[in-house]
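My questions will all concern the structure given below.
As written, the chains take the letters A, B and C, and residue 1 is the first residue of each chain.
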């Protein structure tokens, strides 16, 4: 029978054994047989969707199964399997001062564009926001970084936070503002400026009222169980398989 | 040219005012609808203001910023406020009942058990304390109450 | 739950964190498991294999280095107890990302390194439901008792 090596932190769940005999024709079946024998292992090896957690590496004869056929990798009698941990961690930091500077400039420049009737300024702001979204930074963050922070005009406010909803909000704003610029250039002034004010409103909500539209969207997508935003999975999900049809 | 600019500037002011009023109106509506709400407050202790705090397991700033802020607030005002935490993912019924639009969301509930304020998004300990003080119409520090009492004594 | 560690070993962990600053430094802790307690006798300072630019707020040890650790533990006849890592200019509390990537039963010793100087270390273990960390008592001793 194939042997599976168990790393130190998981041996408490395998009655102290460093090696366990397992059965199965592929890696998925082998892991299932392991969990049948030692059910406490499931939540540490698999996430809520039945996928192997990113910090769990499975090696078959010194090759990572992620480079082979993953859960479908065939297993033979004499194969030696190993669970090898990726040890990792870190901080997810977001400088809220950079985000606030970005929002203030988006609002200020958009209002200026409206008052002075400058569609190209709208397009420019949309472009900066789009570039920021793609490069994963606040678009106007450079103003904070290069001018405001070094002069002590704005102090850093670095907090442990998830940058994704903020990035999503900026991306959404970039799209709406881009559409607005397009509409303005085509002559649809009312529609175009309504879209501009929509972006001003959302950025203002965030800057003054602390209401982050991106975060709200993440919340609702999680509530509607859209994959990728959900934490809790259906209970009988076989590891590596999609959840069964919704009830 | 200048007249056109002025007209647009006035429009901008008008639109901004309408948007701000709309935001206040929505909040007022949510808090007003919440006036008679009792679900979720079953374990509330009477005569102490409360913060009803909605969160979800996948909300990072809830864990890293909001919860420590609430803990700091409780340290500053021991026995003077209570925090009721609700997992909106586990209790979507409560979240919808209270009109939660995103997380974290905090409701300020006064000592009489009436919801008075709502915050969408992360709120600092200072902001929450200020709101509780406004709602209770009296400062919440022992020193402030003491100085009030002293003032009364000096006048009599 | 206690992490017992000799002062000399803790000093080496702090030196490693200071050396890695302003990036995160990490390594493995080896020693004895005595009931609920972990007694550190040896450490393996390792390389943060995250790509340049990402090492300021992320650390990662390669699977090869981990296996080295397991081999070393077998060779010395001790157990693998956990991981030590530093938080540059940040408190020594585990982050959300630390929690998502944590292994059960391991001690996670986190050192706060502020402006290049190691300030303080605290040790944590992942709770059984993976929802949070529990802090364990850090006992700094003079020498290792057998």
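Methods note: contacts are C-beta pairs under 8 Å (C-beta built on N, C-alpha and C of every residue); 3 or more make two chains touch, one makes a residue touch a chain.
Please read all numbers here as calculations on a predicted model, not as lab measurements.
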Between A-B and B-C, the pair joined by more C-beta contacts: A-B
Most widely separated chain from chain C, with each centre as the mean of CA atoms: B
Most centrally placed chain, judged by C-alpha centres: A
Geometric centre distance via CA averages, chain B-chain A, whole Å: 29
Distance from chain C to chain B - Cα centre to Cα centre, in angstrom: 40
Set of chain C residues in contact with two or more other chains: 95-96
Sequence positions of chain A contacting 2 or more other chains: 92, 160, 162
Of all residues in chain B, the ones touching two or more other chains: 57, 60, 64
Contacting residues of chain C [partner chain B, same complex]: 95-96, 131
Residues on chain C engaged by chain A in the complex (per definition of touch): 24, 26, 28, 50, 57-63, 66-67, 70, 73, 79-80, 83, 85, 87, 90, 94-98, 101-106, 108, 129-130
Sites on chain A touched by chain B in the complex: 92, 111, 114-117, 159-162, 197, 200-201, 204-206, 209-212, 215-216, 218-220, 222-223, 229-232
Footprint of chain C on chain B - complex, ascending: 57, 60, 63-64
Residues on chain B engaged by chain A in the complex (per definition of touch): 4-5, 8-9, 11-12, 15-16, 19, 23, 56-61, 64-65, 88-89, 92, 95, 101-103, 119-123
